[in-house]
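Below, chain A partners chain B and then partners chain C, in two separate complexes.
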Partner chain A sequence: MSSAEITASTGGDAPAEPRHGWRLFIMWFVLALAADLVIWFVWYPHMPPGRMSDNAKGQQFDIAVLAVSAAPVIIFVLLYFIYSIVVWRAKPGDESDGAPIHGNVKVQLAWIAGTTAIVLWLFIFGTVELVAPGGAGGGEGPSPIWTLAGTKSSTWAPGGNDTLQVQVIGQQWVWTYRYPQFGGFESSVLYLPENTPVEFHVTSLDVIHSFWAYKLGVKADANPGVDNVAYTSATALGGFEVRCNELCGIWHGAMYNSGYIVSPSAFASWASGVQSKEQADGVLTALPPYALTYDPTVVPQLGKQIVTIDGITGGAGYYYGPGNPVTP
Partner chain B sequence: MTRAAALIAAFLIVVGVGVFVVVYYIGSATTQLPIVHYTASGGQVSVVLQEDAQNDSASRPDWVSYYAQDPVSKQWLHTTLFSVPANTKVNVTIYGYDGCTPLRNNFFSQVQGTIGGTVTVSQFDQNGKEYVTNDTTSVINTWSNCNAGHTFAIPDLGVYVPVASPNANLSANNLCSSSPCVTQGNPYAVETFSFMSPSQTGTYRWQCLIPCGGGFLDGNGGPMQTLGWMMGEMDVVSS
Partner chain C sequence: MAIETQPERAEPVGRGPEVAGAGRPWWLRPGVVTGLVGAVIGYFLGHWLGNLLGGDYARSALADTNDVAIVLGYAFGVIGWLAGLGVFNDLFGLMLGRPLPEEPRLLGREEPGVGKYFRYTLDHKVVGIQYLYGMIAYFLTGGLFAMAIRSELLSPTYHLIGPEQYLMVVGEHGTMMMMMMSSVILGPFGQYFGPLLIGSKRVAFPRLEALGFWLTPAAYVILLSAVLMGGFPTGWTGYEPLATQATQGEDAYFFAFGLMGISMILAGFNMIVTVITYRAPGMRWSRLPMFVWSMFTVSFLQVLAVPVLVGACFMALADRTFQTAFFANQLGGSSFLYEDLFWFFGHPEVYILALPGFGVISEVVSVFCRKPLFGYKVAAAGMLGVGILSFFVWQHHLFDSGINPDMRPLFMLTTELISIPTGFIYLVGMGTFWKARIKFSIPMLFALAFYFNFLLGGISGVFLSDVPADVTEHGSFFVMAHFHYTIMGGLIFAFMAGIYYWLPKMTGIKLNERLGKIHFWTMFIFFNSTFLPLFALGMAGMPRRVFEYARNLQTLNDWVSISAFLLGGSILIFLINFVMSMLFWREPEVGNPWRARSLEWQLSSPPPPENFKRVPVILSDPYEYGVPGALPVAELNPPLGVIAGAYAPASGGVEG
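After this line comes the complex of A and B, so read on.
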């Protein structure tokens, strides 16, 4: 039935239907434009995770772009919903059927084209943003494909473009951080130099944890026996928090500690000081040789013969026998 | 009718099993533990703990465990909950009766977060002979010397303290076997250290960082995961 037939069947003197499509489009365009401008210029600078590192900036940009992409879609759905309720609401006493519409080629084509464009845009944008910079702060496993530009060296000094390596070690329920380029000392506080490529090697001594430096935009699973590599480069001084993001036992919620971004020279000074102290205390020599994953079997090789007492406390390696595998 | 009765019976059985699981397992894990209240005197407070290779519970007698001493009655209570006043110097004494245990991460053999960054250790054999006297140290090295039994750590305060054990060779097969342990007839270590309680009141968890849950995967289960054994809470209250 054509629109002319519908008009005729209702008496022929009904007022002409307004151009709903144009009405909707104009309202949608104005609202979507306003929403996107607000998102981009007002909300974007305050979106998580902030701008403390290149990864964080990238993630903030991603969230802003996705919000700008999603707002017109959400506004269209809500606007159409409200418009339908207001304009096409049945009048009291009107029990007639609606027009028998069988389809509209233009609308269908527009729908297919629009949704295809949106999905392809999200696919391409999401893929590109996952790659850069340096894997976007996610754990890439032991053989990362996307890395940050920086010189790999067994030492690190301020002023160059050396990559700082940090091993992140999770155990129930604390994080510690090992710096192999400074004799392998460990710290319970994560210090990082500003504007320096950082390569995290994330691992666990017991169960599965997840290293989440939220404000740095870094998140990588900590699996026992696995070296999970992630990258970042901090761009602002200040403090941040490291949390565990994988349910790891009764005090998972309390497994967090602090980190600080400091100047490269301040970092070098701090690292040298801690290295000297741990060296003087004999801790460095008692730590296992630096490795990308901890290997508990090296423990007995380090120390003297350690006795087993009442079958409970045991000697080195007791907990890693066949009955207690290292990897759950 | 028969079918309805069967459905009701099946439903009740499932509900009953669920209630049993909740009451038996979860309920037993949340048994009310006594809280030992340590009060300040002269701006300081003394906390006294001991760690044993076993405990006096009926259900899990072979779990390693901490005990806290009631400051008034001097009785040892099987609990890891205690309170201290805020912004106060906390003097901790820990009697170590359990043997040495290898740290998984030797980083925690360092004393951290105590006043002066040290602890003071004395060690005795089962005959009361003192073979280490008031040794003030910043490291108790568990891999090269095997002198630590457990650790006492309050991560939120940055306090990580390895707790000395009796000398492994001198105490082999002579460890205290009945809890709470007493100094007479048992080898033990006494370790003292101090730290400042925070000005912020609240609950601060503390725990052992040596995987000492014998019989559990990687030593991490059982007493390591249960309040009243190798983990606890320190309530910081208004002073």
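After this line comes the complex of A and C, so read on.
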């Protein structure tokens, strides 16, 4: 766009007039370069959402690239306005009119070409970034087309490149996580192994929620009766928070719980431990068979009891007593 | 379109009575008082009918939780309100073969007093002023709810209002602002100046126009009545199935939004026909003021997009009352259907909010730069381009919702494409500033602030359009900051520019300049100090519409809250200025204080009752500042019966 300004200034200047276009260009170039360098080298490593997973890294990279692309545009427009109100403000008492310029075809064409180029660049960049790391962590609906590489099987063991499947069940106002590869046990805390492709199946029991694991770079709406798939792969150990990101009723603001990234072997021992405990408590047999969407209404049809505690059905499953699901 | 639509009359021909019911005492004449009586009667009639019809299958008739009774109460209440206002009088009069009452203003007579503002008046200038006061009232109400939200967010846990009240306040604030403020410029300035700027004595459908206004107080009261029923928990989007689960406040939400939708459709329809058919001779499309272009485009958006909203509201009310299942996943409906319908309206809606701002700013910038608008055709193309593209972007609100994943690159592209025509608006503004004689009047200050705010709002929109970045930003405070920058920072700043620019024309009174400058600077500083940190809050992972947030975000939230209160104080300064200037100081401003060329400023302030004694003949562009030998914008007193092509020079004296 700076070229547009040069054309404008060299177009029809009076000889005494300073070369506004060049002045603007030089100021813009210096400021934009400085801003971009600061953004890339100082700000980028600290940008949200951090680097806890490959998606988060990808989003951080995206936000940084967008910031680097946006800063010159913002600086150009602001600089232009500041420059013009300093240089071309009317002196007090000056009632004369400005130069009668109705337009300038070259400037207009350059502007259109410039903005179109920026837009196409952003589109191509965004699409590449969306496709490459397994759909960028967004919910892809029931039939995802961009997935993470990993072996899918009915069991999961550390060491290989098995995809861990986790069903995320939203309900007012709790998150429950179900691990179908471990007998389908349920947990109210999300444990995930490090460096493992994870496939979330997000669904809801009542209204629309949204599963947002900010540090993992995952966000997928939980729609009742719909399986919404999202991928991530954690690259660092540590805790993270899961929040509901879609207004779901009065306690929406309090609908959050936490998760942990642990080593694959620690995850395996935790998961099989919980599995055998829930097996022993009889919870696993009470659960409905694993399905991609979660429908509690099938339980009475299976001849099983829905557990209520103080008249309230508790937990995502509706099927177990106060000791379950496991809250470590 | 060079046909004179108003036959010139030598002398007025009296037909019917001038004001309906003029012989009766004031409280029996059709007006607000009789309207209120009709509304109350209608509400109770509808409520009774609803309990009669739906008492056995809706919740509990005795506890007043019967949705059927409440919805029918609203419906009959609105009909009673309109009947009491006298909306149907002319219709029934025509059916009975009575002559229609003549509009006194078209005979050149002004109705004295303020009574005309409280009646179903057919004068577009009266409707404009009615809208102005209405919109200020609606805006202040929405703003008070915002103050309540920010008070609650002073602390990371809930402390002031409970979670249910918090959601009520959030929903009321969001809905009040999004639905009522859609008319904040189209209402006051569009209705008032639309006909004046195109050289017309009237609008095409004055009854539809007045009806459009009188639906807004009804929608406002109905929306507020949700407070009496505990509010609605869905925010301004009303997502299903939460909306079906919600209590009776949700009925108020859907009914009010649908009603305001009808008002928007009527206003848009009237504006389209007026602009197409009522332009004065010589007012070619290439001379149409940019503000009229923006009104014209917005009207198309309203007429084409808002019916989808009205349909969605109707279906949602049907789900809630007579137990249909359009949006219930378990019963064969789809909650995605509601999301799609809502955003198919909702995205054009945000341009219904943004485009009028572009229009006002384009007018203001040209006048105070003392230069022709740079790239007139580019500006018009920008508005049309934004308007057309706005129909093709709605699924960017649903990137993470589980739509078909291959839709996402497509909607990313369309969303990013819309920044090209939006960029045109900046090109026009920046080109106009080139070698200008910039005067820092208050409207110009607001225009400059508009460019600043809308720039940040627009660029943050590009971050949201990028799907991977949107996974972090979607539904967070980042989005909130984005649309407050475009709507509050764009639309409301443009509205303020419009008030300072046009109020002398509308009332003959100017606002105090010192207070105006204080108002501008406080509003600009505290607006940015309120909403800029919200980008950071969203990036740090704070979702929208929560009353609990991470403790480490408290400092920033407190900063935002205090700035928001100061921003409220700035609006208070405006209010003081407005009330004192209009009621007590009354500094007259009758001439053309801005030395503006456009048509409305060639008239007296306020304009004569019938706008133009004769239909004017437009001679040149409204933006020909500094053009040597430019003709005046119009011949206000052309010889009788003149036709455009025969009178105006072919080129209008300048390149078009």
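The working rule: the second predicted complex is superposed on the first by the 283 of 328 C-alpha atoms of A that agree within 3 Å, B and C clash if a C-alpha of one lies under 4 Å from a C-alpha of the other, contacts with A are read in each partner's own complex, and residues count from 1 in each chain.
Here is the rule we go by: a residue touches a chain if its C-beta (ideal position, glycine included) is under 8 Å from a C-beta of that chain, and two chains touch if they have at least 3 such contacts.
Predicted model, so just to flag it, every value in this text is computed and none were measured.
**Student:** Using the touch definition from the top, say if A:Val207 reaches chain B (first), chain C (second), both or neither.
**Tutor:** A:Val207 contacts both chain B and chain C.
**Student:** For chain A, which side has the bigger count of touched residues, chain B or chain C?
**Tutor:** C
**Student:** Output check: A:Ala220 vs chain B and chain C. Expected answer is one of first, second, both, neither. What do you get?
**Tutor:** Second partner only.
**Student:** Once chain A of both complexes is superposed, is A:Ala254 in touch with chain B (first), chain C (second), both, or neither?
**Tutor:** After superposing on A, A:Ala254 lies in contact with both chain B and chain C.
**Student:** Quick check on my understanding: which residues of chain A belong to both its chain B contact set and its chain C contact set?
**Tutor:** 206-207, 249-251, 254.
**Student:** Can you check the complex and tell me which residues of chain B touch chain A?
**Tutor:** Touching chain A: residues 53-54, 62, 64, 98-102, 104-107, 109-110, 112, 138-139, 141, 143-146, 149, 153, 155-156, 158, 160, 165, 168-169, 171-173, 175, 177, 205, 207, 209, 211-212, 214, 216-220, 224-226, 231 of chain B.
**Student:** If we count contacts the way the header does, which residues on chain C are in touch with chain A in the complex?
**Tutor:** Listed in rising order, the residues are 158, 163-164, 166-167, 233-235, 237, 239-242, 245, 329-330, 335-336, 369-378, 399-406, 408-409, 412-413, 416-417, 419-420, 423-424, 426-427, 430-431, 433-440, 448, 451-452, 455-456, 459, 462-463, 465-472, 474-476, 539-541, 543-550, 595, 624-628, 654-655.
**Student:** Applying the document's contact rule, which stretches of chain A touch chain B when the two form their complex?
**Tutor:** The touching residues are 169, 171-174, 176, 178, 186, 188-189, 205-207, 249-251, 254, 257, 278, 281-283, 285-288, 294, 296, 299, 302-304, 306-307, 309-320, 324-326, 328.
**Student:** Using the touch definition from the top, list the residues of chain A that touch chain C in their complex.
**Tutor:** 8, 20, 47-49, 55, 58-59, 62-63, 66, 70, 73-74, 77-78, 80-81, 84-85, 88-90, 94-104, 107-108, 111-112, 115-116, 119, 122-123, 125-127, 129-130, 135-146, 202, 206-208, 210, 212, 214, 217-221, 223-226, 228, 230, 241, 243-254, 256, 297
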